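Naming follows writing order (A, B and C), and every chain is counted from residue 1.
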Amino acid sequence: MATLELEGVTTRYGKVVGVEDLELTVGDGEFFVVLGPSGAGKTTTLKSVAGLVDMDAGRVSIGGRDMGGVEPYHRNVAMAFESYALYPQKTVFENLASPLRSGRTGTYDKAEQSKRIELVTTTLGINHLLKRFPRELSNGQRQRVALGRVLVRPADVYLLDEPLSHLDAKLRAAMRAELKQLGEDSSTTSLYVTHDYQEALDLGERIAVLRHGRLVQVGTPEQIWREPADTFVAKALGQPEINLLDGEVTGGRIVAAGGAVSLPVPSGVDVGDRVRVGLRPRDLDRADADPDGGAHRAGAERLHLRGRVHLAERLGRLVELSIEVGDTEIIMVAGSDHAPGEGDVIDMAIDLADVHLFAPGAPGEETARLGSGRPR
Amino acid sequence: MAREMMPGRRRFTAGSVGADLLILLWFVFSLFPIVWMVLLALKTRSQQTSTYFAFSPTLENFGTVMSRRGEDLTSVNFSGALLSSVLNCGGAVLVSLLIGIPAAYAAGRWKYRGSEDLMFQMLSFRFAPELMVVVPLFVIYNQTGLFDTTYGMIWVLQLVTMPLVVWILRSYFQDLSPELEQAALLDGYTRRRAFVMVALPLVRPGIAAAALLAFIFAWNNYVFPLILTDSEATTVTVAVTKFLGGGGQAYYNLTAAAALIGALPPLVLALTIQRYLVRGLSFGAVKA
Amino acid sequence: MTTAVTATDAAPLTLTDVRKTYLARGREPFEAVKGMSMDIRPGELIALLGPSGCGKTTTLRMIAGLETVTSGAIAIGDRQVQDLPPGKRDIGVGFESYALYPPLNVRENLAYGLKARRVRGAARQVDQLAARLEMSDLLDQRPASLSSGQKQRVALARALIRNPRVLLLDEPLSHLDAAQRQRVRRELKVLQREFGYTTIVVTHDQLEALSLADRMAVMNAGVIEQFGTPDEIYDDPANMFVADFVGEPKINLFEGTAVRRSGGTVVRAGRDGRLAAYAPAATDGQAVTVGLRPQDARPAHDDEPALAARVVVYEDFMEFGLATLEVPGVDGRIVAQLPHGVRWRRGETRRIAARPDRVYLFDTETGTRIR
């Protein structure tokens, strides 16, 4: 149990930046998620905490103690590697016993070792595999052994590098629920790295979003979701991606999609003469047919759009609609019951509070969020 | 997923038959000297220059070579040379492993400016002609009393074997994910323990291959023992040639028998751990 | 948009009892495809969906002519093609691994097939197609410098360049990351519509099949388990395999007993759980396997039959929530996907129900749907 602080951590590999000037504070017992695409510096962050890479600058402290010059084996952190890093010549039992036998994580006699291993393997559903070698396991089983090697012993900080990435969809969902439970029960400070925004929203008490080795935003899932710091964060969360429309500010209104999208400039938001309008596909409702879409948000001020369905793609219980709105295309997600067909003209609506406004920018350029469409 | 597009059957065409014949010819050409040597080793001295294949084979030569009789006849102590070959080469390999394994680990794990150049520098010792260094060594050895001693031979032969061991093992260590040792560090083990506990057992096949190759290279070395030994620490390769004597004294049949005996130890070793050898010979150039 | 290079004559594709048996010396003959029959209409986009080893790729390769047909007939239009070599079948194939020639640039890659056939005006054809696919700027690059999304488009272009009557695509999106996959998937669908080729896509990704296909065949162990529109496959699965393979999060399957009432069917599950189901064919007291999609489970009204369950985990994904539940007497856990705003807590007991026609009953032995 300990707090974890990163101050100005910079780690480069030659000229390639791993992380740059990273500032993070993880509270005691907090389950903290680092979210980012591959190459964002997530693993580097973990390894910097563990002392497995040489930092070029900055400070890592665990429990208030500066870790500069402290060897990895004296840091009392446990890490699950994305590559599993299981000892190939050792059985699952021996792999799990390894941290208990080193003498640096506490002293455990044979019985205590077996008891701890029994407990953790039962939780992870791998207690029938103890005599196997890593090569005799499926990827999913290996990943659980790697997780077990972390959970089997007490540590100040758990570092978890994409522990669900190699599992198939069903097992991943089950393990994610399992981790959620473990995270809620455990009081060990955890730093969890993932590229999957759903994992991040689900598991994280707080989330840090990384891009190109730099911190973009830190916040609770709610904050990250409702108020993404910029277009990068907005795009990183949510599938399908958020719709971004280039709009112009004229006569006190924001106009986009060739006039098909028009809303008043909200008070309290400082817009110039151009702005980007962000609409999440799932925030858009059918204003015409959705039985409770309009009703349950009665009273909320809404932006209304009309468009023609260009493409309807079934996604399980949902349908993804590509809709021609004015001179642009907007993606929305609707329920599959009574879904419109291709060629239909439909009316949509979205709460002004769910309309995100971003600073203008060139295509491909990420710009900061200015505020929502709801007047303050 | 690799899929076979053309699961073809082999056809016999004029071209393919011609290619087979060429291969056969090359095979005969390359194997013939060995066949000839085996035949020669089975002949008596009077038959040694005859080119007839018909003769009454005898194993007597092998006995002669290994016993005092051979020494009386030619003043070559072949069994002694065999023993010092084993000592020299075994010693050189041992030294190379003791120093080479940690060196290879360091070279495989830590990158710094010029580390690649350094490694290539090391390998280039293998390409340099030994004759270049052997003359100054001869002078030094004479002055320091290392001439014709086992220690001296071990010292000079490890020049041959060390680069080989380091080069081969480095590629094995590079193939190992460093995350294995990192995991051991976080389990609470020191760097040394992580090396011994995790990395070392996993490169055991590499160590076997490197040791064997080093042994064979040391065993086959001719120049160093020729110049740096006389009788005490002389090796098989040098001893074999002494059966040739000079002028009319040449015992071709004994030479052949001695050469066969001398070739036996590395051959047996190679066959026993052939599996590792192939991987070792590729020098890790092809990574799995 | 320049000169249209569209499919002049999209052809129907008919498979009649197509079989593939692999004979290996010293081993049991292996039946990879056990009598496939499909009528594919001109211009239709068909997905072959199934787990690895189900025979979907073998089927594709037999249509392409890369694999011999053990028995049965394949017809494009009214031409029997099963005995023709691949080059004579008028079929374009896009491989999973792209199969681009690395030393040639994109233009040469595209022209390769045409030149081999000594087609005149190959260069013009390449330019037209590239313009049509909006990839003219890629023509002078080599495959190595392309992104995987771009490679995918080149591979597609190469399959299209000969203006085939049927287009076959093997796992066309498998090398792309999640965001790219969505974009390319839409692109592919729009292109297919515009070009109008009769197209077969092989995939193991159920979401890809559902979203792309006009109709899809769910395959398992060499047979078609169900052939229908995505709506039919998802909303009206023919058997347990289809229900289990299609849909994410996966369908909940648990044991129950059918009880016939005057008003309809109710299934009992666990100690005292009850769910209304629409299954006139079920007999009273029949042991069944109940299939309930997480997306179809919802908080129950007070006056309807329901499953009372203890919340083990509640996961909030902002757009929706997932509750993992334990129903007393039911083996395994049940997952329910709840709309955003419904926040359940761990340890609470909640009641769930579903629309009766979304509670599927299967014969526990055979897996067949009881409707």
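Here is the rule we use: a contact is a pair of C-beta atoms (placed from the backbone, for glycine too) under 8 Å apart; a residue touches a chain by one contact, two chains touch by 3 or more.
A quick note: this is a predicted structure, and the numbers were derived from the prediction, not measured.
Trainee: Kindly indicate the chain pair that has more C-beta pairs in contact than all others.
Mentor: Ranked by contacting C-beta pairs, first place goes to A-C.
Trainee: Can you name the chain that lies farthest from subunit C, using the mean of each chain's Cα atoms as its centre?
Mentor: Here the answer is chain B, farthest from subunit C.
Trainee: Measure off the straight-line distance from the CA centroid of subunit A to the CA centroid of subunit C, and report it in whole Å.
Mentor: A distance of 28 Å separates the two centres.
Trainee: Please tell me the distance, in whole Å, between the geometric centres of subunit A and subunit B computed from their C-alpha atoms.
Mentor: A distance of 57 Å separates the two centres.
Trainee: Distance from the CA centroid of subunit B to that of subunit C, rounded to the nearest Å?
Mentor: Averaging C-alpha atoms per chain gives centres 59 Å apart.
Trainee: Hey, what residues on subunit A touch two or more of the other chains?
Mentor: none
Trainee: So in the complex, which bits of subunit C are touching subunit A?
Mentor: 178-179, 182, 185-186, 189-190, 207, 210-212, 230-231, 234-235, 247-250, 293, 295-296, 312-313, 315-319, 322, 324, 335, 346
Trainee: Under the touch definition given earlier, write down the residues of subunit A that touch subunit C in their complex.
Mentor: 169-170, 173, 176-178, 180-181, 184, 198, 201-202, 221-222, 225, 235, 237-241, 282, 310-311, 313-317, 320, 322, 336
Trainee: Write out the stretch or stretches of subunit B touching subunit A in their complex.
Mentor: So the residues of subunit B touching subunit A come out as 177, 179-180, 182-191, 193, 197-198, 201-202.
Trainee: Given the complex with subunit B, which residues does subunit A contribute to the contact?
Mentor: Going by the criterion above, the answer is residues 47, 50-52, 71-73, 75, 77-79, 81, 83, 85-89, 98-99, 102-105, 149.
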